[in-house]
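The structure appears right after this line, and notes come after that.
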Amino acid sequence: MRRSVNFRSFFTASWLGWQIESNWTDPFLFATYSIVKPLAGAGILVLMYSIITQGQFDSPIFAYLYLGNAFYQYVPAVLSGVSWTIIEDREHYRTLKYIYVAPVNIPFYLFGRGVAKFITGSFGVVLTLAAGVLFLNVPLDWSIVNWPLFFLTMGLGILMLALMGLLLAGVTLMVARHSYFIGDVVASGFFLFTGAIFPLEVLPNFLRPIGYILPITYWLELIRRALVGTVAEAFPTFTMLSNAQLLIILLVSSLVFGLAAIFVFRRCDHQARERGLIDQITNY
Amino acid sequence: MNNGYAIQTENLGRIYKIRNNRKEAARQLVALQDVNLEVHTGELFGLLGPNGAGKTTLIKILTTLLSPSSGWAKVAGIDVDRRPEEVRKRINMVSGGETSGYGLLTVRENLWMFAQFYGIESKQANQRIKTLMEIVGMADRLNTKSSDLSTGLRQKMNIVRGFLTDPEVLFLDEPTLGLDVGASRDVRSFIKRWMDEDHGRTMLLTTHYMVEAEELCDRVAIINHGRVLACDSPAHLKQTLQHEAIFQVRVYAPQLIVEEPFCQIRGVQDFHQKTEVDAVRLEIILEEEAVLADVINELARQQARILSLQKREPTLEDIFVQLVGQRMEEVEHANVTAS
Amino acid sequence: MQMLPPLERKNTGWRLFLMTVLGRSYPRVVGMQRERSWMFFDIFMPLLAVSAYVFVYRAIGAPEEYVGFVVMGGAMTAFWMNVLWSMSSQLYWEKEQGNLALYIISPASMVAILLGMAVGGLFATLLRAIAIITLGSLLFNVTYVIASFWQLIAVFSLSMIALYGLGMMSASIFLLLSREAWHIANLAMEPVYLASGMYFPVKNLGFWAAAAASIIPLTLGLDAMRQLVFETGPTLGFLSVKTAMAILALLSVVYLFTARRLLAYIEKLAVREGRLTENRR
């Protein structure tokens, strides 16, 4: 019975999330949004790189930053997808209190609502990769991709991001609605520490430990190794660690963060119910 | 120049184009048609009708939130569509179930802010806020954050907001929604006093509570499906039913009372039953008293035992039934089912 | 005795305008005092995001003045975010809550309401911009050589006027929108960062692309300010400072005038179509 509640919560929320996410505008504007936003984000980095290096797209550093940026799109997508649900349901649809009253597993409900953003995020990632391969010589050779490593890493990574989203959702329960997507803002902050667009060696010594703690760092490194092993090897950050070791670190750090996320969410959830914040409206 | 009329409409109509999703073609919904009203300055005018009748649409047009599709409307002698900015200086509006304002601000701060939008100096605004809050019994809540208010108290705050700016014409759209019995009574009493104190003030009140309309309004328009069916003072409207006989009968019935045989009795205009805890209450409108004998015979045939029988005065509900052919809740139920 | 005497006076004209600006800025200012989590999300996190782009330049061996470009660009994003999220798309939330209807039926003008929102958010915006400039400059050893302080003030002021005029124009569009307001605001972030040269000299886009991007006031504003504060700025500039100032002045006038007309027109359109009070969730 318990298991079916979780699945029911997840799948119903996934369906609902897709209904909401796919329905906000006409297909043309939806396609425009889904294409322009990821490509513009990649475009900033491509231009920055091109200006300084005079267009040396064959360099490993370009592939490094391009691929890191492409897959990093999952971070704001999943973080926002899970945490923004609190704001959406509390202040826009005003259904959060009814969700709480229903026999629903709230974390699974939040994960389910994040699925739609994950799907639209995937579209952005694929588009960015395609543009990179077709126009910018990103060295993606499908025949040498380590597919088992890639899918395992992706699965672990998405789970890890969903749990981080849950932590953020807990925080969101306690704070007012600010004007922007909190998940996007937090993701943009993590951009600095996770080796997404530059190797961790570039950071000052005192900042690198933050990158080593974050599971996103290992996730991105494994993605690069799976897709373009030779490029990843060009950077010394994790050369002493094998794929298996990196996977274990990713698993352990995700577990730690996951437990922290569950703990924080539960505490925030309890506090929010104690203080009557579940149905508050905080527009200002 | 308003020629003594605070509100005037002529052949006012509004059509909405709606569709349930992007794939469906838009269909037309006639919300108002051929509405002709004249509300005198100093009048408390009621608009009575079931949910979906067009009351809120009419208020939206008169408060410059919506354009008419046909006809025209004037408030304080000014066309609402052509010179809305002039109309806005003279009106205010309170809706039932409002969630306006800012949750992080206190009641006083929210009200002060809205007063600024009407150009009311802070000192004067604060004085009026204090007075109005005392009148509605919320003086101790001035410094409470509005997100901490209950639904009823929030509605009281909204009501204060409406009166705060001393409008020439005030629109109240189901203002007592969410208020308890005592609070509703206080609000109604305040409304009457506010109108009595200055005959330059006009109010248009929409409600689907008959009691409220009867108690407060100088005149009432009954509206259904976007059309005004009748418009007169409650007393005059009820006079149209004076020749009919209205009875309230409480019976004990071992089984469900079948309505059809009663409706087939000649002279029975309306038959309505409502199950109570230990009895069934019947509301019957007859063309004349003599028909009562046939009704009692049918009750006996259905083995219903009469517990009490009384003749009562017609109400606005009865007027509505006579005009529409159904009770208000039946019309609302039909509207919900149809949509 | 009357329980509530009639009001002696209601202000109109410019007094009403200023009172409305003050009134609407109040919830924003007070809200930020009472709910301080915005400091983390609105100052600390953006500082980290800007730093990421600094390190990208360092990783690819860019000249040090590019670090300064990023810091300056990052600071200016604060104003764009204020315009987009605290002004334009905020109207969507006002509509949802029912405040928009109450604003419309009041004698206050929408221009004043929007300005109030922007002014109210300006405290947080300025704090963010100053934090990024100050901390970014200190952390990354950015040095400034100010060619002309008064020209710098003039460029900044003109950029802000034009930017907020553009913001009011876009706010009018949001009167017609529902949920798509968030997405459209979201859509206007990265493309604007790209087109306006937030993190790189805009002239690298090519003349015509840079010219087209100049309709966004931040493009020319940033370009001119960089020329005025960095030693190598003039060599990397798109248009001369004086030309940029002239164009910004023109944009200010055009945007403010158009904003007023567009707001009035779209409000009429929204009233005709009944969009001011709908909840097309």
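For reference, chains read A, B and C in written order, and residue numbers begin at 1 within each chain.
Note that a residue touches a chain if its C-beta (ideal position, glycine included) is under 8 Å from a C-beta of that chain, and two chains touch if they have at least 3 such contacts.
Given the structure is predicted, the values throughout are model-derived calculations rather than measurements.
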item	value
Most centrally placed chain, judged by C-alpha centres	C
Identity of the chain that, by mean CA position, is farthest from chain C	B
Euclidean distance of C-alpha centroids - chain A vs chain B, Å	51
Whole-Å gap between the CA centroids of chain B and chain C	44
Where chain A and chain C are represented by their mean Cα positions, the distance between them in whole Å	27
Residue numbers of chain C (touch at least two other chains)	27, 30-31, 35, 97, 99
For chain A, residues contacting two or more additional chains	176, 281-284
Chain B: positions in contact with at least two other chains	99, 102, 104-105
Parts of chain B lying in touch with chain C, wherever the complex brings them together	16, 60, 63-67, 84-85, 88-89, 91-93, 95, 98-102, 104-105, 109, 112-121, 124, 128, 131-132, 135, 161, 163, 165-166, 193-194, 197-198
Chain A-facing residues of chain B, complex	21-22, 99, 102-105, 147-148
Chain A contact footprint on chain C (complex, rising order)	27-28, 30-32, 35, 37-38, 41-42, 44-46, 48-49, 51-53, 55-63, 66, 81, 85-86, 89-90, 93-94, 96-97, 99, 121, 179-180, 182-184, 186-187, 189-191, 193-194, 198-201, 204-205, 281
Chain B contact footprint on chain C (complex, rising order)	2-4, 6-12, 15-16, 19-20, 22-24, 26-27, 30-31, 34-35, 97-99, 101-108, 113, 268, 271-272, 274, 276-277
Chain A - residues contacting chain C, complex	24-25, 29, 32-33, 36-37, 40-41, 43-45, 47-53, 61, 65, 91-93, 171, 174-182, 184-186, 188-193, 196-199, 202-203, 281-284
